[in-house]
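The same chain A turns up in both complexes below, where it pairs with chain B and then with chain C.
Up next is the complex of A and B:
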């Protein structure tokens, strides 16, 4: 699952002309560490939903990679 | 181009539908009822026209019922045409009629926009949204305060959609339509209609085909630099 999330994150980053990353960790912050802004987070949500059929922002904000993974594993 | 169009069964929607089909677009057309004319179009354009039965008063099932058609398909344009007109003096305002009109004219289109933009993000589409608005927002007519308020809400929503998503290449515009001869205005008597037409520069009802062609222009690449605008197709209403 982490590999798929990394791929999605890199798709969103490259769509905005931002540098891609090689790995993700649970404690990485989406905004501060990865450099996502609100539009990127919207695209991230849509791409994760298309793959895992879950809207990660539906019930409140998500700030870290770990929080995304927890939401997806709860499904 | 894959186009999502609401209110295809009659009036302006039917004319926009025919223009889109004639111009080789693939149309996903929504209405509550399937008229004989729609059945003929489905037959004639079987590869191009998908008719979807949906009541736009229902904003709960938009994702499951409407967007199931677009899980693996990009939407290039969304044309919000469907609307209901509840007209009366403000002193007679009925809250149930008002809520029903807001559901169809404002809340459901906002939710459809939500899923349209999500679809455009997923497929990285530089798509276009067009809302059909009304000249009543800008001039004001007796009895149309409630109706005009729904269209004013759409104009504000469209402008802000354009600002919010412009960076992703998504455009949003309104076509502000003057009075046309449609079922929606058929309830008005001749005297009122003539008075309304006298308030235009061209002194006649707005040509529906002229409106439809403007909509088609706005969703085309030729309009790639036009966003956040209200385009008036109103015979020069004064």
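Up next is the complex of A and C:
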């Protein structure tokens, strides 16, 4: 699952012309560490939903990679 | 060719005016419901309704029984009635004369607007309102129409009456392949075509030139300069007209480009960049206020004379975190990228921003999502750039041959 999330994050980053990353870990912050803005977060959510059929922002904000993985593991 | 009433190269139908008259004279029953898979049947039904002065309700060919039952609750309207036939019509001219001179007491036509959500809205027109924009004159007597609209919709009905009352030939182009459309224009020397910009864009390539066509009318969607330029190349002898029309009112404004002059400010006005029309221009559809909000957003180009350009339909704007995105603006930007033949922009719900912008693109060369984004970044603000770009093999159209925004 982590590998798929990394791929999605890099798709969003490269779509915006931003540098991609090699790895993710649980306490990485989506905004501060990865550099996502609200448009990126919206795209991330839609792409994750398309792949995993779950809206990670549905019941509140998500700030870290760990929170994404937790939401997906509860599915 | 002069006596041909209707033709379809795909079904190989060729029906002369005499065939039509014989067919009408054989008709002995009549139903208010018109629901067919064949255009000629719709046309004949319309003519019979006019001759016997009875109402007609037009249903799209692909409406299901379930949809029809939902749209019209009164099933008695479906019943066939005996129609006593004493028309005594011997020629095309007699037929047209009888239609024009009829003193209509009961005739009206019910159409359904092409809403993309919910049930289509029912709109009723009288003979006077439906034929308000028909031009009958000597110079139109030899026109040959390419019929490129759905026969049951306002735009198609306007073409039908224009052709019928001038005694013209109608050649079906709607729902035909690009090759059949090309063959139809060449075989029948079509002189007039009325269609949506999308119809022209998807069915004609610039390597074909049609010299017989003298008049190109378009409407129903925003026309951009790229399509105007393409039309001028494909139909070098044609005058190009852009029509703004509503099912509720028929044609309201016309222009030779994307700018419209409003000559009658007592019946058409702009308030807060929204176009309103006076109720006297409308058909009958449960509307009580004096002014009807069209939902079309315009920009004022000039105040004297009042000149406008259409920007978008209000309900089509995509709200991305409070920023309004005009899908047409994004589509225009996409279509200007080399290799993109067509594009449709639509919204997708997002729990983060309310909506995000998505696009389906049809390409004729290999082009990557990143390349498309780089090009868009040169001309659009970031929030307008589609976050999801799908490469598709065809752009879906709705029942009015307009782009389907999902």
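In this text, the second predicted complex is superposed on the first by the 75 of 75 C-alpha atoms of A that agree within 3 Å, B and C clash if a C-alpha of one lies under 4 Å from a C-alpha of the other, contacts with A are read in each partner's own complex, and residues count from 1 in each chain.
Everything that follows uses one rule, which is that contacts are C-beta pairs under 8 Å (C-beta built on N, C-alpha and C of every residue); 3 or more make two chains touch, one makes a residue touch a chain.
If you're wondering where the values come from, they're calculated on a predicted model, not measured in any experiment.
In the overlay built on the shared chain, the residue A:42 is in contact with chain B and with chain C. Contacts of A:2 after superposition on the shared chain: neither chain B nor chain C is touched.
Of the two partner chains, neither chain B nor chain C is touched by A:67.
Contact comparison for chain A: of chain B and chain C, C touches the greater number of residues.
When the two complexes are overlaid on their common chain A, residue A:33 makes contact with neither chain B nor chain C.
Shared contact residues on chain A (touching chain B in one structure, chain C in the other): 15, 39, 42-43, 46-47. Only residues 14-17, 38-39, 41-43, 45-47, 55, 57-58 of chain A touch chain C when the two sit together in their complex.
On chain B, the positions that touch chain A within their shared complex are 71, 118, 121-122, 124, 165, 167-168. Residues of chain A that touch chain B in their complex: 15, 39, 42-43, 46-47, 49-50.
Across the complex, chain A is touched by residues 320-321, 348, 350-353, 356, 369-370, 373-374, 377, 382-383, 387-388 of chain C.
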